[in-house]
Amino acid sequence: MSLAALTPPWGSVLCHRDSHINNDECGAPEFFTGGAKLIALGGENAKIDADELQAAVHHKVGDVHSVQPSVLSLTQATETGAVYTPAEIGHLAGIAKHAGLRVHMDGARLANAVAALGCNPAELTWRAGVDILSFGATKNGGITADAIVVFDRSVTTELSFRAKRAGQLASKMRFAAAQLDAYLADDLWLRNARHANAMTARLEGGLKSIPGTRLAGTQANILFCRLPQQIIDGLLDQGYGFYHGRWEPCVVRFVTSFATTTHDVDALVHAVRRLTAAAIEESRSKSGSNADGR
Amino acid sequence: MSLAALTPPWGSVLCHRDSHINNDECGAPEFFTGGAKLIALGGENAKIDADELQAAVHHKVGDVHSVQPSVLSLTQATETGAVYTPAEIGHLAGIAKHAGLRVHMDGARLANAVAALGCNPAELTWRAGVDILSFGATKNGGITADAIVVFDRSVTTELSFRAKRAGQLASKMRFAAAQLDAYLADDLWLRNARHANAMTARLEGGLKSIPGTRLAGTQANILFCRLPQQIIDGLLDQGYGFYHGRWEPCVVRFVTSFATTTHDVDALVHAVRRLTAAAIEESRSKSGSNADGR
Amino acid sequence: MSLAALTPPWGSVLCHRDSHINNDECGAPEFFTGGAKLIALGGENAKIDADELQAAVHHKVGDVHSVQPSVLSLTQATETGAVYTPAEIGHLAGIAKHAGLRVHMDGARLANAVAALGCNPAELTWRAGVDILSFGATKNGGITADAIVVFDRSVTTELSFRAKRAGQLASKMRFAAAQLDAYLADDLWLRNARHANAMTARLEGGLKSIPGTRLAGTQANILFCRLPQQIIDGLLDQGYGFYHGRWEPCVVRFVTSFATTTHDVDALVHAVRRLTAAAIEESRSKSGSNADGR
Amino acid sequence: MSLAALTPPWGSVLCHRDSHINNDECGAPEFFTGGAKLIALGGENAKIDADELQAAVHHKVGDVHSVQPSVLSLTQATETGAVYTPAEIGHLAGIAKHAGLRVHMDGARLANAVAALGCNPAELTWRAGVDILSFGATKNGGITADAIVVFDRSVTTELSFRAKRAGQLASKMRFAAAQLDAYLADDLWLRNARHANAMTARLEGGLKSIPGTRLAGTQANILFCRLPQQIIDGLLDQGYGFYHGRWEPCVVRFVTSFATTTHDVDALVHAVRRLTAAAIEESRSKSGSNADGR
């Protein structure tokens, strides 16, 4: 709905190729916008590359044969857990604004980014040029409640009609919306996010010393990790669940939340450690028997 | 979403001119279907007239210049609180089915209809020819939770994609959906509806003896009532809230729910009674002073 | 496309219930607008009733549960051949404009209206408040060529993108568009329309004296006519083709064009006259034989 | 319209990243399909790579978070003038069909491909697995007339409604459609295409011996050519028009048609030759004066 308020049907939405809106919404942006096109850009750690953006905002502008660049969509923190600094957002938003586009932020993990950077949310949003924000409470403690935060007030009326007609003005919604009051009171949203980030940091700290384990750096509550296949299989056998097989072989993704406990983290680290030790032992005994056998 | 699963974009949805989908959804059916057209039919008490339906299902079939009749949509109980009998639904659904249309039921008040008729829900739905049902929990105790009940299973897969892409596969939805377990257990949904119907009956009983008050007959939890404007104004002054001014002058609508108490009802009846008495008194004293003045 | 440029998807288009856009476009307005709703108004001779319009422009404005009145669409000449005067257009457009709507004219027979009124096209369009006009050449001599005339220039850029993306920027379109040069040069479009109107007038003159024939008054190139069924059947037998059976029984519609000749008209009048004479003769002889038989 | 008949709104269309539908339709496929997504695949010479297709047809099938692979779209001849053989089409279509997709062919240059291969059109279309074909007359002699050829007859009825509602059932269309009779009679379409191909071959023959000119191989009526910038500028100065600056620097595209004459081709070759000679001369004299200056 946010994107639909910012682009005409013949517009394009410039986003990262790893972005949730591009990969995981079953075409919802296309549905809500009446057929706008998502243009996938590259960049490290799911952060949009400024040079690619610079080229994309000017692509075929004014040419009726092409969709017209209309919105820049940034995800904060990104789908890989990286965090844009206020300066980075300002730079990308500036490129977009200068070319007449508006700026959307998918803030599904905004709380984690604010917690990671220790900055004011305003620095990551409207002060940096963001026009509209999907606030994102459901990954951080909320239940079927979320909020669109509108900084460009020219679209507020339109959004109320778009919401109703899309079945997003739920009956008795006030009972779900009330969560937001608690969520924002006493910085609960930030406390939840700080906890989630801390759990990922704890996980990182626990795993990094284990032989055979390689970690991508993390800034928020997502940790990508390369593990031997044997260890992955062992964790799955023990009932652990996590995404794997969607990236390179042997790469898994761990995500922590407000509900993750230190016990949860330590148990996972312990499990990896034991599986690794067993694998080393098995490997040695194989080598040994091979040696004996010679 | 239900209608979208039953009609192509060039189809038409035959519904009552007073139906919620025609008047109160800000064009949601048009949005979800990709531009299908609602054809508004007449009939007493917001129940579709069978003769009008018979004509409509054959209107310009096969003519590319016209939208094609694709779905019959019935509301049970209707927007005025009337109830279709199983035979009536069967008759209307039969006309639709015979002409190749499918049948949707807006069951926002289905529980009230089941409670009023004392029949099995199946008799009002799939056994009578309904293909898909909007179950409607939020008027009867639910919070932001509802269900689409699919009897024509050919559309189930499609609906899962439609739901996701329409933003109707909410994050953490299981916590909202859990309400349905409680709602259906021990007939809570029917007990709620019976209570709501009983409260409307009690209201009807209380109001009908008051001079100047005229009631439409009711079968469910909606009571249309004609009151003198002076009484309406008096109730509003006392803080009562209800729809008025949307139908003929001096017609108001009272709706009771699972949460309406006998105290609520009796207080309203009492308020109408007192206001009426005061009005009669005032009228008499005016007549008196007039008489005196002569 | 014109309507889509004037209304958001949650808007409504106020039009006559007999209008072409409401009945004969297979939902094209709904498709192009992304699901806007057509609100059908009444009025004599397919001309919109001003009082109904006055009520409709204010219907549920600002209420998110309802589509929002956005466009008034007038057909000139109307689908029954009636003609709005400049004052009538100005009055209706004024009601719309005052309420914030914009005004579309379906000018499929605009040439016939201009010819009938002998006025300047500007008086029927932009001077009277029309924002956008479907010019309508194909009923008056053009082949797969037409024009949208935009008076409210704020929508021109948008229309160029809408046209391309709707497949309405045809390859080699300049060869079709060239017709418009000839069409407008030397008032060919008006000469064609005057001829068509004259042929309808000639037909009216020829038919009105024939017993059993009743004519609706006509102002342009459409003549509605009530004929005995026997005469209708006789004409069909002779190979004449015309719409019948779409209105009341025994009502037929004759439409003349730039290509209709006086010979064509006179032959039809002659055919009706002969068929009528034969029917009278047959009726008399039946009466006679009945008399004899007694 | 063809794509819309083959995919649901939550489907994806697998096409080459250089395809016309992906780059040059202002989002028309997204508009007509109600928001389906185009997935851009790679491959040499704008021909889809079979391995990429194989991966794409299975991508997230059954996962509601993702659009579902629904159509393969092939362009014949491709946007760079390459030609798929019947075997290549059969192989790609087979991958698509095996995974449950249907196959669309953008045949804007089908005639050129048929002419180049000397085969029967059936071998390139339905016999190879194509379900629906955009026939493409307007690049080869037609004026605002084209045809969709449907091999999978299950979509014919649907297409007639889609056409009408998209404004593609033009008034008086028969006069435009009549061109197709002449186009197909006596193989005019193939004679036109053979001529266009021959003119490109002639151009290739003429240019290849000119120093500094490098040509991509061509199979149809498109020739990509690398020229020194000085030569490009010289041609533009002389009034030649062609696309340049859209690919790598100094790459231009020449397209020939039924209307291109040997004189046109020879004049262009002559112009390039003269400009090249002049450039060489200038270069020599500069070198000479440099030498003198030492």
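Order of writing sets the chain letters: A, B, C and D. Residues in each chain are counted from 1.
The working rule: a residue touches a chain if its C-beta (ideal position, glycine included) is under 8 Å from a C-beta of that chain, and two chains touch if they have at least 3 such contacts.
Only a predicted model underlies this, so the values are computations on that prediction, with no experimental measurement involved.
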{"item": "Classification of the chain C:chain D interface as same or different, half of numbers criterion", "value": "same"}
{"item": "Angle (degrees, nearest 5) of the CA superposition of chain A onto chain D", "value": "180"}
{"item": "CA centroid of chain A to CA centroid of chain B, Å", "value": "42"}
{"item": "Inter-chain centre distance, chain B versus chain D - centres from mean C-alpha coordinates, in Å", "value": "55"}
{"item": "Interface hub residues of chain C, defined as touching at least two other chains", "value": "9-10, 25-27, 31, 34-35, 64-65, 161, 164-165"}
{"item": "In the complex, chain C residues that touch chain B", "value": "9-10, 23-27, 30-31, 33-38, 64-67"}
{"item": "Parts of chain A lying in touch with chain B, wherever the complex brings them together", "value": "1, 25-28, 31-32, 138-139, 142-144, 146, 161, 164-168, 170-173, 175-176"}
{"item": "Residues of chain B that touch chain D when the two form their complex", "value": "8-10, 34-35, 64-65, 68, 158, 160-165, 169"}
